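Look at the two complexes coming up: chain A is in both, with chain B in one and chain C in the other.
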Partner chain A sequence: MTSSPGGLAAKTLPLLRHPVLRRLAQAFFVAFLLMVFAFLLIRLIPGDPAMILLGDEATEEDVIAYRKLLGIDGSIPSQFGRYVSNLVRGDFGVSIRSREPVLSIVGKRLPVSLWLTVTTIVMTIALALPLGVAAALYRRTWFGHAFQIGASVLVATPVFFSGLLLILLFAVQVNLAPIAGYHAGFPANLYYLWLPALTINFVLVPVLARILQSSIVETSTEEFVEAAIIRGTQGWRFYWRYLLRPSLAPTIAALGYFAATVVSYAVIIEIIFNLPGLGMTLVDAVRNRDYPLVQGIVFLSGLLVVGLTFMADLVNGWLDPRAQIR
Partner chain B sequence: MTAGSPSIAPAGRLSRVELRRYWRQLNAESRWGVVILALILVLSVSVPLLSPNDPYGFVDQPLQPPSAAFLFGTDHLGRDLLVRVFTAARLDIALAILGVSVPILIGTFIGTLAGTTRNRIAETVWDGLVNALTAFPEIILVLGIVAMVGADIRGLLIAIWISRWAQYARIARAKSLALRDAEFVQAAQVLGYSQLRILVRHIMPNVFSEALAYALSDFIFIIVIIGGLSFLGLGVTPPTPEWGAMLAEGRLYLRTEPWLILFPGFFLSLTAIGVALLARGLERISKGEDD
Partner chain C sequence: MCQQKEREIEPLLEVKDLCISFGKGGGRKLPVIDAANLSLDQRQAVGIVGESGSGKTMLCRALIGTLPRHGAGIVSGTVRFDGQELAGAPERVWRGIRGREIGYIPQSSLAGLNPVLTVETQLVESITAVGSFSRQEARQEAAGLLEKVRIPRAQQVLKARSHQLSGGMRQRVMIAAAIAQGPKLLIADEPTTALDVTIQREILSLITQLRQELNMALILVSHDLAVIEEVCDDVMVMYAGASVEAGPVAALSKAPRHPYTRALRVSRVDRAVPGQDLEAIPGDAASVGSWPAGCRFWPRCALADEACRRDTQPALMPTAQQLSACIHAERMAELEQ
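On to the complex of A and B.
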């Protein structure tokens, strides 16, 4: 009934019966398809990309050189073959603007985006855990109702608006953060990162806290919780082992799922807060029609999400053996 | 309950009675959603109609704070912000509806097709395809497609259509897996109807209701994407009134004239909040939760 790439593969390859290995094989399959999508992306350009970039007065040699640069010379299968073998060797092409290898541009800009992501996720956990637990414990009080309404409002507020509001509040009214900009180096960079991270969390925390809340409520009706109460389990042991830990799995899974959302919103956030990360590079590349750079960033971001989802699945299996990876 | 006004015509009364019945089935959350959305729709239709000011034209001194003459103030080019905010509402809502409706059709069709096939390899490839498409961070995929197709309204819509159908396909596939052995499908097969006819006429309509429920939450995401890309200067571009583009323009005056971002941002958020409340309310009704 339920079929997955692993389902078919498990029949043919006995090794893939191991859930983690099967999940890994699945991730590789998805990564391969990401490559196909990224390859097809450049084919969406209406007309000849080389002509679009060079204009009508381009010479024949220029056009041929540009086609080679973009990897669109020769037949489609041979283009794809070259694309794959280049990627495997770590060659993502060259930026049309700066003629710098895509991978080295990404390498330079990635640290800022990673710092933003890590700061965001640490903040998410620090805020969503207590909020979700409190919302579950005080579900029937004014706090629970206020939480529900507040969560609905925050989730629907676009980050580029809440970001501007937070700048207005924390950088213009009270001088607790810079209006924009970035300086590398931990921990000084946190001064530039806490407000952008908070902005993303305006969307993320309500979603995750809500999932955690309903998950705790659901767990509290389980028989093993009742059994623990009857046995007299109390204090931290009760809360962690019987209530929180079994409830965390869906939240962690959701965090993995929302990895894509974090990376997504980070693009807009980097523009608002003027952080020189991958998102800003991508937007510049889109404006400049720097096709290879766009293609490379799209592919790598997809790869990043596949990796994060895979890790979330592993943590998930450890936290709640019932949610064994299928 | 107040009785219906005696002056209304019978036909009108019937629809009013029906409307009231629907209204009674709603919970507080979805009622708020309906009220908010109705308010925005009424304002977006009436304000540009009733106001003498042109959303594109200079009307008075630039950067005036809100006043009796200009309720939302004027922008950096001396245009009436009130008219621009509600002209933008028309465009944003129309684009978001367009953005949702095409993926729901494509996705439901493809998903139903995938759900009714019994080919094991096709299912495997299918799973990978949908997983891969949904693995891309949404905004990055949209940006990537816009980079290729063109940074304008057309490119933006194409990007949304290409990147948003997979979730609908997922929902449709799960539902049609359960439906493909249903008795009414078997009956249609016995009657000798073609596969396509069974798919489109018998299975798809039954899959649709679940897709519509998801479409509400997708609407929020799409209106945010439209605003977001226009905010980045890669969708709707000035001078066309659009909430995201207006936020990008007003952002330059954040320190001194914050109303330039407060009004467009507020109504964009309010629209999304209205849909979110409606979606959540309906979800809880369908789950049978009261309060």
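On to the complex of A and C.
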């Protein structure tokens, strides 16, 4: 096995010297590992899933039929071969409980989760960026100290608690959001999404704003910042070009990662706010031991994570050319 | 050149009894410079020499108004530049001075270029800071600047970012940015420290040539006396936050009147005799916060006596051709004969 597919591939394939293509190759490699992981998920669980699902009373024929349904009949290599060829054809298997194809279930639930993710991330950027900049510029004033304390308190507050508090405040006291539920269709769905997104951001914004704050503080001691001051660079140019842009890379990388974790936060959030998203489906699937569905959701939401991190890297490469040579 | 003579015209820059310390207000202050004196005329080149920690860089920052960024400030003394008092000047005044009147090449100027911006973007910033230029004009001007600092393939370098350039190239770009607004004075704080020896020479001769072409005065900071003797007319020697000797380069090299200057000269590597041990200055340099009482050099000085230990740091006093802060300056003259 190679530890760095990009490094090895770059030597053998000149095309992969291009940073974007190399990063893309890495993304595909991770996606492959993810596929293997999802495959092993069912196979590594102790005991025979078919026996567990059917109980002691099951007949031999039932067990065999069930194994076939789960794709765990025959040797492991042949199972893997079928699994991969099915995935390539877009066949993720059938939900044990509803007998509905996994892909169509995910297709129905994923948009809700995606909308939640997008709303959350837009909100994160809108809040964390100004907050991080302000916290860096005014770190020696009362605002900076208040930010430090406030950020620690918010990060330490569990989302199920802050979520309930926010429902109490915005949905019960002030009628600005529904208590729970969802209706599809933009922009009407934002009415149902802004409060869940805010709840997640109670954790995300303080973390990201602090990452941004410390990078800006670090950047501000750089020689090139002093050089710009001496040159007479002022106003937005100075703040954007010399403080913010060279400081963004760690924040964007973290944003890519957190965008991915929204999917797992969503498990709790979707339950609190009763959103019919992927998170809630996953919890149900686990509870019902619906292995094909669990496997499909793990793989597809994992792909989402890979895609989002890839996008974050692309944005970083564009904003900060240093990222490309690393 | 002689500093003691009456002058008909005011010098371009005159620093008198400058004291700088770290820390804002209150009682907790840490002095880094407490008696810096420097004078230079239009088009003159003055070198500042001293060990690290002697306060050379802080003096430069005082001249460019960036002390507050480093948590320091001027406590007392004056900095007169071109008829204007700069000690304690507000930011508004500094904006008219930095870049326009005084160009600056920072110490570790290899980190002086923004890694996310192209050379062109940064040069255009410098150019458009004064006067009104169209985008096109500013770009041409930027290419012209690179030619001035002898960079071949200017168009290619303009589009490059700092990690794509060699150390010598980056330093040339920094010099181009420093001279973009046509300053009267160029301050170069150890401009060659981080460079290869061969490139050091190129950069030094470039600075010398530009100085003559553009009629600039120059302050060259270095810990290397040989470099300063090559480039400068006058030299000021700093030790532990104080100016200890100042005067024409020739006078200080032929007949130093401060034991520290003499020690710097004999410890020069380029004067070493093969097979013989290099003469190092005994003891360690006095560091900020633990300056000795009396003359700050006495613990390392062969001439030190009771008076040196007892009195305070002596002020610069005129001797034959230069200024010296040693009470035994005359004795040094006798010893030489």
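Rule of thumb we're sticking to: the second predicted complex is superposed on the first by the 321 of 326 C-alpha atoms of A that agree within 3 Å, B and C clash if a C-alpha of one lies under 4 Å from a C-alpha of the other, contacts with A are read in each partner's own complex, and residues count from 1 in each chain.
We take it that contacts are C-beta pairs under 8 Å (C-beta built on N, C-alpha and C of every residue); 3 or more make two chains touch, one makes a residue touch a chain.
It should be emphasised that the depicted structure is a prediction, and the values quoted were computed from it without experimental measurement.
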| request: Overlay done on chain A, so just call it for chain B and chain C: clash or fit. | output: fit
| task | Examine A:Val294 and indicate which partner it touches, taking first as chain B and second as chain C; both and neither are also allowed. | result | first
| field | Touching partner for A:Ile42 - first (chain B), second (chain C), both, neither | value | first
| query | Thinking of the overlay built on chain A, is A:Ala260 touched by chain B (first), by chain C (second), by both, or by neither? | reply | first
| query | In the superposed arrangement, which partner chain does A:Pro246 touch: chain B (first), chain C (second), both, or neither? | reply | second
| remark: Chosen between chain B and chain C, the partner touching more chain A residues is B
| request: Answer with first, second, both or neither: which of chain B and chain C does A:Leu190 touch in the superposed model? | output: neither
| message | Once both structures sit on chain A, report the angle chain B, chain A, chain C from C-alpha centres, rounded to the nearest 10 degrees. | response | 80
| request: Applying the touch criterion given at the start, work out whether A:Leu319 contacts chain B, chain C, both or neither, answering first, second, both or neither. | output: second
| query | Touching A:Ile76, do we find chain B (first), chain C (second), both, or neither? | reply | neither
| said: Looking at A:Arg231 after the superposition, I want to know if it touches chain B, chain C, both of them or none. Which is it: first, second, both, neither? | reply: second
| query | Which value, in Å, gives the least CA distance between chain B and chain C in the superposed three-chain arrangement? | reply | 16
| Residues on chain A in contact with chain B in one complex and with chain C in the other? | none
| So in the complex, which bits of chain A are touching chain B? | 1, 3-5, 7-9, 26, 29-30, 33-34, 36-37, 41-42, 44-46, 152-153, 155-161, 164-165, 167-168, 172, 260-261, 263-265, 267-268, 271-272, 282-283, 285-287, 289, 291, 294-295, 297-298, 301-302, 305-306, 309
| For chain B, which residues count as touching chain A in their complex? | 29, 120-121, 123-124, 127-129, 131-141, 143-151, 177, 220, 224, 227-228, 231-234, 244, 247, 251, 254-255, 258, 261, 265, 268-269, 272-273, 275-277, 280
| remark: Residue positions on chain A within touch of chain C in the complex are 222-224, 226-234, 237, 241-242, 245-246, 319-322, 325
| query | Which residues of chain C touch chain A in the complex? | reply | 64, 66, 69, 95, 98-100, 104, 106-109, 111-117, 121-122, 125-126, 129-130, 161, 163, 174, 177, 180-181
